[in-house]
Every structure is written in C-alpha cells, then in structure tokens.
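When the chains are written out, they are named A, B and C in that same order, and each has its own residue count from 1.
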Amino acid sequence: MSEQTPFFEIRNLHASTEDKPILKGVDLTIQPGETHALMGPNGSGKSTLSNVIMGHPAYEVTAGEILFRGQNILELEPDERARLGLFLAFQYPVAIPGITVAKFLKSAADARFGQGAVKPSDFIKRMRENLAFLEMSEQFLNRFLNDGFSGGEKKRMEILQMLTLKPSLAVMDETDSGLDIDALRIVSKGVNRLVGPEFGLLVITHYERILNYIKPDHLHVLIDGRIAMSGGPELVKEVEKNGYDWIRERFGKEVLV
Amino acid sequence: MTTAQLDPAVVMVPGFDESARPAAAEPDLITARREAAFKQYLELPMPTARDEEWRRTDPALIPFERFKPAEAPRRRAAPSGAGPWDDTFDVVVSVDDTGFEIRDNAGLLAQGGLTVQPLAEAAQRHPALIERYLQGPARVKHPRKFSALGDAFWRFGLFIHAPAKAIIPRGVLIRYTHAQSGRSVVPRLLAVVEDQAELTIAEHYESPDDAELLAITTRELYAGPGATLRAASLQEWGARTYHIGEDWVRAERDARIEWVTLLLGGQVSKMMVSCDVHEPNAQAYLSGLFFANRTQHVDQKTLQLHTAPNTYSNLLYKGAVKDQGHSVYQGIIDAAPGAIKVDAYQMNNNLILTEGARADSLPGLEIDADDLKCSHGATFGNLDQNQLFYLRARGLPEAEARQLLVMAFFEEVIARVPHEFMRERVREDVRRKCGDAA
Amino acid sequence: MNQTETTHKLETDSKLVREYQYGFVTDVDTDELPKGLNEDIIRAISQKKNEPVWMTEWRLKSFRRWQTMREPRWAKVTYPEIDYQDIRYYSAPKSASSGAAQADPELLKTFERLGIPLYERDRLAGVAVDAVFDSVSVATTHREMLAEKGIIFCSMSEAIQEHPELVRKYLGSVVPPSDNFFAALNSAVFSDGSFCYIPKGVRCPVELSTYFRINARDTGQFERTLIVAEEDAYVSYIEGCTAPMRDTNQLHAAVVELVALDRAQIKYSTVQNWYAGDEKGHGGIYNFVTKRGHCRGAHSKISWTQVEVGAAITWKYPSVILEGDHSVGEFYSVAFTNNRMQADTGTKMIHIGAHTKSTIISKGISAGESANSYRGLVQILPSAQHARNHTCCDSMLIGDKCSANTYPVIEAETSTAITEHEATTSKISEEQLFYVQSRGIDEESATSLIVNGFCKDVFKELPLEFSVEAIKLLELKLEHSVG
C-alpha cells in the first residue's frame, strides 16, 4: 500500500449520541502489520469510537471520515463493513437465545466468504480446531449464542468469531475487562494468531495488563473525545504509573495555546 | 343471557340451520348427542362484536353466508396418495373433500393396541367410552356457540383411544386437506389416553390459497391418570380460509399434557383452548406460535383451569405480526376455590415487525384460592436493536439478520414441537413470512 | 327544605369502631333538596349555587344524556340495583361558607377530629386544604399566599362564579359528560369539589389538598375536581375521604379532570378511606369514580398515586391520555379489601404522542371474603412512535375466602414501541412470616410488616407525611384480617 492511501485512517472524526457530542475530532492511522493501543479514562469516548467504526445506529457522525483502504466506510452498513474485513470484538456481546453458535458462525462465514465458499466439512473441521486452540469445549457449538455464557466465555466467543472471519482490521473493545489471567492469556493467544504483516489491530483497553500479551507498536490516549497524546510502547508504563491527569493537564495547555 | 325468546334468525350461524343437520342414519348414541348439542346451539345467541370475547374479532369478518356445509367424506378403500411424513407415524388419517382413509403403518390398529375410528363406528364398538367422553367432562365451563355447532353438525368425526399402559412410540398423524371453495368443513376429534398410556397426536391443516373455505373444528382430549398426551397442530390453511376452533383438554391425576398450536395460515382464525388440570399432580404445558402477516387476523384464547390442588400449568405463546396483520391473545389462569399449591404460569411475547401491524394481549388471572403462585407476563416490541447490530457487525445483511432473529425468537416454542417434520415446516413458514413483501 | 340531621345510631361494636375511627356523624343543620332526580332538581341545584345559565344548560344536557345511558356492569363487582330516585342529590350544612373564620364550629371540630385542622392557626404546614362536607366546600386555606403566585385554589362553586372562562374552557374537556354513566350523572348533579389552576411557570410551593367528607344520610356525593397546570407549572395534590358508618349504602360518583400543558407536572395522590361497610357487607360507600388526566403538552407528566383502603365497592380507573410528545403517565396503586369489600380498579394509559412513557405499579391485597380486581388498558396508537410502558401488578391473598383477579389489556400498534407487563398472585409468603415471627414479632405485626414491604414501591410515591399516614392506615386495616 502506497503512502498516499493508508490502510486504515480516521480523520477529524466527530460523533454524538442522543445529541450529545462524544468524539470531538479524532485522528488515527493504522498501517498493516501494526498494533495500536487506545487508552483513556472512563467516558473519554473509547467505546463510542469502536461503535462508530462498526456503524452502530445509535451514534451519529457529525464530521470527519473513516477510510479503509482509501474507501470512506461511513456510508456503509455495518454488515458491508464486516464483509470488507472489519471486525469489532464487543465489550458487551449480546446474547441471542434461539440461534446456536454453529448456525451463527456458518451464517457469518457465508456472508463474509460467500455462500458455499467453505465446504461444510472443512468448516466444521476448522471450527473444532479453533475451539481447541481457544481451549473451549465443542459443546459450545450447540449452545445458544452468548446465552448464559460467563464473561470469559463471551470474550472467547468473540475471539472465536474473529478467527473464523479472518478480518484485515480488528478493533477490540475492552476485551480484557473482567477476564482472569488465564482467560486473558487464551484471548491474547487467539488474537496473536492473526497478528501479521497483513493485519491491523486496535486494542482499546483500560488496563495495561493486556498489553503484556498483545504488544502494541503505538499507544494513543483518548481524553474528552480527542487523542490527547500518542507515543510508542514506552508510554504505557508512564500511563500506568501516573494516570491520565498529567496528560489532561498538558493537553489542556496545548489546546489553550 | 336469557335463552327462551331468541329469534332463530339471530341464533343460527348462516349455513347451519335445521336443513344442514346430517341426514344419514347414525347410531342412537350419536344422534342423541347431536340432538342435545343442537338444542344447546339454538339456546346460544350468535356472537357479535359486542360480546367481550368477540370484541377484537368481529364475527362479521367471517362471511358465513358464503359457505355451505361440505358433504361428509366417505371412507376410501384404496389409499389416495401419501404425505411426505406419513412414514414417521404409526397411524395416518388423511381427510379431504371427498373421502378419508386410516392407514395402519405399524399394525397397531390390527393388534388392538390403539383405536382410531370414525366416531359413528366407535359408538357401536365402544359405546361405553363414547357415552362417557363425547361432549363429556372436559366441558367444564359455560357452553359455547361454536362447540355446540361442532357437536351438532360435525361431518367428519374421529375417535382415538390409547388403552391403559399403551406406549405408542410414533403416534397418529391426521392430515386435513381441503380445496373445495364455498364449503364449510366441520371435523370433530375425540381422543382418550387411558391410565399411564402415552400418545402423540399431530394434526395438519392445509388448503390452497385460492379456495375460500370455512373450518369449524371441535376437539376434546382426555389424559387419564398418569397418562401423557402430546397434541400438536400445524395450521397452514390458505389465504382465504376462515377457521373457528374450540378445544377442550383435561388432565386427570398425575397426567401430563403437552399442547402445541402452530397458527400460520388462514385469513381469520379464532381459536380457543380450555385446559383443565383437573386432579392433583396433573401438569399441562401449553405452547403456541402464531405469525400474522399481510391481512391475516389471528385471535386465540387460552384457559388454564386449575380445579384441583397441586396442579401445574405452564403456557408460552409467541407471536409475530407484520404488514396489516393483527393478533389477539387472551389468556386466563383460573384457580378455583380450594385449588391450593397451584403453580401456574403464562407468558405471551409479541414481535411487531412493521408499522401497520397490531398485537393485542389480555393476560388475565382469576384467583379464588390463596396458597398458590400464579403469574403472567406479556411483552411487545420489535427485534432488539443491539442483537441486530451484533449480527450485522458479523457481516449478515439486514434482511438475513432480521430473519435469523425472528427464528431465534420462535425457537423456544419450536423446541417444544414433538415432530421434526413440523419443526422444519414451521421454520420454513416463518422464513417465508419474514421474506414476504406484502 | 330544612331539617336537622339526627345522629344515626352508631354501630357500637367496639372492634368495629376501632377499625373505622372516622365513623361518627356530625350533628349540623342542613339545607337539603328532596330525594330524587329530575330536571327540576337539577335546576334547583344550579339555582342554589347561583350558577350562570351556561352551567345550568350543561347540567341539563348531561342529565338528558345520562337518561339514555345504562349503568356499566362489566366490572367484577356485584351489588343490588341502585334506585337513583331514592338518593338525595344535594345536602349542605347551612352554615357552610368558604372561609374557615366564619365556619360553623361543629364543622371545624369535625375536620379537626378527622385530622384536618382548618383554623388558620393550626393548619397543616405546607398543605393548603379545601374541605368538602357533603355537597359543598366549607373552607379553603392558604388562599392569600397562593393568590400571590397567581395560583387559584378554591371550591368548584366559587370557580364557576369567579373564573367562568377557565371553567368553561376546561370542564368536561378530559372527561366529557357522555364518557360514561357515572360521569354523566356527576356532570348533571355535581355540587362542589376543588378547582386548581397553576399558571405558566409557577411551581406550587405547598401541597394542595381536598378533604371529602360525606355526613348526611341517603345522600350521594358528586364532587368534581379540575386541575389545570399551564406550561412549566407544577402541582402536587392530595385528596382524602371518609364517611360515617351507616348501614345503608351511599353513592359517591366523582369526576376528576387533570390538564397538563407543555412541561407541566401534576402529581395527584389519594388516600381513600370511605366507610367500607361491616363484616357482613352491610353499609358502606359505593365509590364509582372517573379520574382522568390529559398530558396535552410535550414533556408533560401526570402521576396518579392511590391508596384505596375503604368503600364497599370501588370502581375507579385513574387514567392518562398521553398526547404530548415525550409526555409521561404514572399510576401507583395500593388497593386493600377486607370483609365483603369489592374493588375493581386500575388504569388506562393511552399513548398518542411519540416517545411517551408510562409506568403502572399496582399492588392488590385481598383479605376476608373480599374481591379485588386489577383492570388496565395500555394502548399504543400508531402515532406513539418509540412509546414505552412497563406494568407490574402484584396481588397478595390473605385467607382462603378472598379472590384476586387481574385483567390487563395491551394493544400495540407500532413496531417501535416496547411494552412489558408482569403480574403475580400469591399467598402472603409463609417463609417471610416465619422469619419475621422467629425474631419475636407477633403474627399480626409480621403480616403488616410484610404487606408494607409489598406496597413500598407505591408508598414511596406519596408525599412524605401522607406516606406515613397511609402506612398507619393500612396497619390498622390489617389488624383484624389475620388468622
């Protein structure tokens, strides 16, 4: 990909929900092979950003663009974005009683790769492999989607879907929240399987803990709907040690200047 | 309502007057029961939209005057063609405009392990049973117009009897296929499952979209002590069929009833089921699925009657409406005085899929005993927006995601359907209705 | 016709007196019209009140309409035929006037005994009271203070004289005379009631309250209340009711109309403790009431809270028409029935505007041989896009001779609305009773604790001091229902 058309680029993104502005000019660029982490205090707009990237109808984009391989995706429906290769691992995956995991995965895979692109026997084989890799029981396939799942099971189910759909760019919205260290290790293992030169990743998190498993190349700090600071992996430690106040302070000054 | 001074013109359901009464000679027992029912029929006024029960389904929606009672179907000697699922049942009864046949797939009838006979024949062979059960004790509540009509005018009567301890593995399928425009069909079913026996009865109703028909069905089912009765009906009438059905079910001590009604077809359907959990430890599971699209009108009433202590009932009716579809669900849990330790539950969930559609729900409780727990719930709404977004975020186009969620909504009821063929048929119907752009 | 009302022989059974401490009769000179109902009686009522012609005509029109109507019989209550010609439609204490200063000391004492002091010196802090005795208002307190803010709080009779333009504009605009049998009757014969008008932007600083007292024998009470809250106004209104213990039934057929304009809020609370009759079901008030609020303006809100512990028969469905977009309707109800009492009560929430929201919480408690029914309608019209309703109706049974019924109707005509209804009926929990008793609390107190817990979602909606009163009242009512 040439310098002129970045892989994934967010330009001056403004978004609001229920007429309340949340994002106030976000700029972010991700190149293939890069892993970016996004941190920020509660209410800074992290989840809004992930929902807007995926096209959640409750959010309204008031300005800016999101370009994926040069195409503005804001005009696209959520399913069109997914079929282009975008993936969102939800912070709170919804339960859908009545749809089994197997049925759901098959429907999603057919939508992404085309009906019949994957032979049913191959599909099942691959499902089993992925389940085993994520240390999940095969019984999950017959359970209703996320219905009665524990927090950790839901997050693993998100990663299972990610492995199945093989996105080019994935956004993980606080996937680490509420996970014990074992589950965190498994989830990270799943994600790292996809990490490679053709894959871009945005890890949204509250804690630096997951960044020990999924190593970011860049860290951005989101405060009050804007990227207040960006840096290399070294910034992680600083945020861990000193919190966000110093960034907010410095950012505030910069804005005033 | 006083009875004596009713004007016959007000009383008669058009098409069902003296002249429509069966002319052929029948056993005395049947004649006597018909006579009693006819008398009752004359005593009950024709319902109008002013009656509470018909307020939401104006009888004027049903063009009674356009229908003449069909001839009674005659028993056919030779099979007239099989349905695709016939092989999965022990006994198959198929009824159409001209005839009926009873097929004994497993030789159960021949061995006497099960009785499936026309009512008139049964009245001769098993008079004591018919005496006891036809228009029998399941009719606990006040008489009703269309049950009386069914009892007086039925054209095809069927008696099913599972003797004590008989376990009928695959059960009985009754297929009704009618196509003759301008006719009314009046089938009548009486089923008795004796002590500790186990029987499944599946019914399937079908008519072509272009035939204008009226069906008035009356069913009466009994589960004896410790018996298990599974009754599932799949109504797939064509778009111009009108259906009034009144069903009466009763469970004796330790009996278990699993009742499933799948209402998908027809222009207007007005159904009532009264389930009497009559003796201690009797249990009833009542499930319903309905989907009214285009201009369909579906009205269902359920009664969970708890006349004895320590009885259990659990009801789940799920429906969807779309286009100009209108559904009405009315449920009553009635716990009689002394019916203590009753546990009764009733849930009605409704999906309203498009503007223009309408769903009404009247979930009632009538409790005259104190030591019990009865509850009901009703919900209305469209598909969950977060679920929809989740599916779309995984690449499913909107129409497909919506259809999948409608299927998921119904799955809880579909899981209660005892036959794979019916489950598949219903899923297919639901899929078709979701995709149908009116 | 003048006549001194003779004190009727009070039921002397001490237990009963304890149960209903408001059962006394006041000995006052009354000004009454003869029993019976015809156009002359209506003209006489109107004349006594010196009403303008339009009001007399309105009454007569209502009466003519009423004559064509039939008494509703769909409620799950039974009672003998009411002889509408055997009721007195007007009875007023001769000394009645609308200032406490001039009021008959007997009347003031009566209201004091009822816990409603009307003397300026001990009037309730933070509450303005209008007291209605039989057919007329006898005193309204706090008037000057309210007048300064532009709030009108007076008897309906006065309002007709002094604010005819407002009365004409709003009377019958929410409950038209033709609405139902009892509303038509009320419109023809109503004698008094309260009128409240809160002008634009005014937040009424005190609770407004009307206290209704039926005293005279064989007299019906037909009061009419109208509350109008203009844009951005707020008012909290409380009504209380009692009547003497008499062995004949008396009819109470009131109409209450509420109008809320843009962003206005009306909170209407009732503690209804009419005499309920004795253990055998003799006597008691027939409480056949039409109450309806109209959220006319956007973002307006009407909230009904009722604690119904009295009356032989209650037939009452305080409702809200949610016309303004984003308007809110609420109904919180506790209905307690004992002995042979019958209650058929509930609400209607009619959603017309977009984003309208309603909440229904109903708690029914049946004891003795009583019958207690919830009847409700939630109607979501096609225009009510994104409407929301949540309904929860719980019934508790104390004893095995009572009944509890729930008859909700939900009609949903838009795919964007969400409604949820849940209801349960059960016996008072034996586990809870056992637990509480095991801590040394006797059965009666334990029952009352549990019942209070059961009702807390409703009690918390009442203004604080009335909440305390309501809890005490319910405790008193429960005292003899256990065992």
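The rule is simple: contacts are C-beta pairs under 8 Å (C-beta built on N, C-alpha and C of every residue); 3 or more make two chains touch, one makes a residue touch a chain.
Note that the coordinates shown come from a computational prediction; the quantities given were computed from them, not determined experimentally.
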Remove subunit B from consideration; what is left forms A | C
Farthest CA centroid from subunit B: chain A
Dist(centroid_CA(subunit A), centroid_CA(subunit B)) in Å evaluates to 50
Separation of the C-alpha centres, subunit A versus subunit C, in whole Å, is 57
Distance between the CA centroids of subunit B and subunit C (whole Å) is 45
The answer for subunit B against subunit A in the complex is residues 384-387, 389-398, 400-401, 404-405, 407-412
Subunit C contacts subunit B in the complex at 74, 380, 382, 395, 397-400, 402-427
So, in the complex, the side of subunit A touching subunit B is made of residues 54-58, 77-79, 81-83, 87-88, 90, 93-94, 96-99, 104, 107-108, 111-112, 144, 161, 165
Touching subunit C in the complex, subunit B uses residues 52, 337-338, 340, 350, 352-382
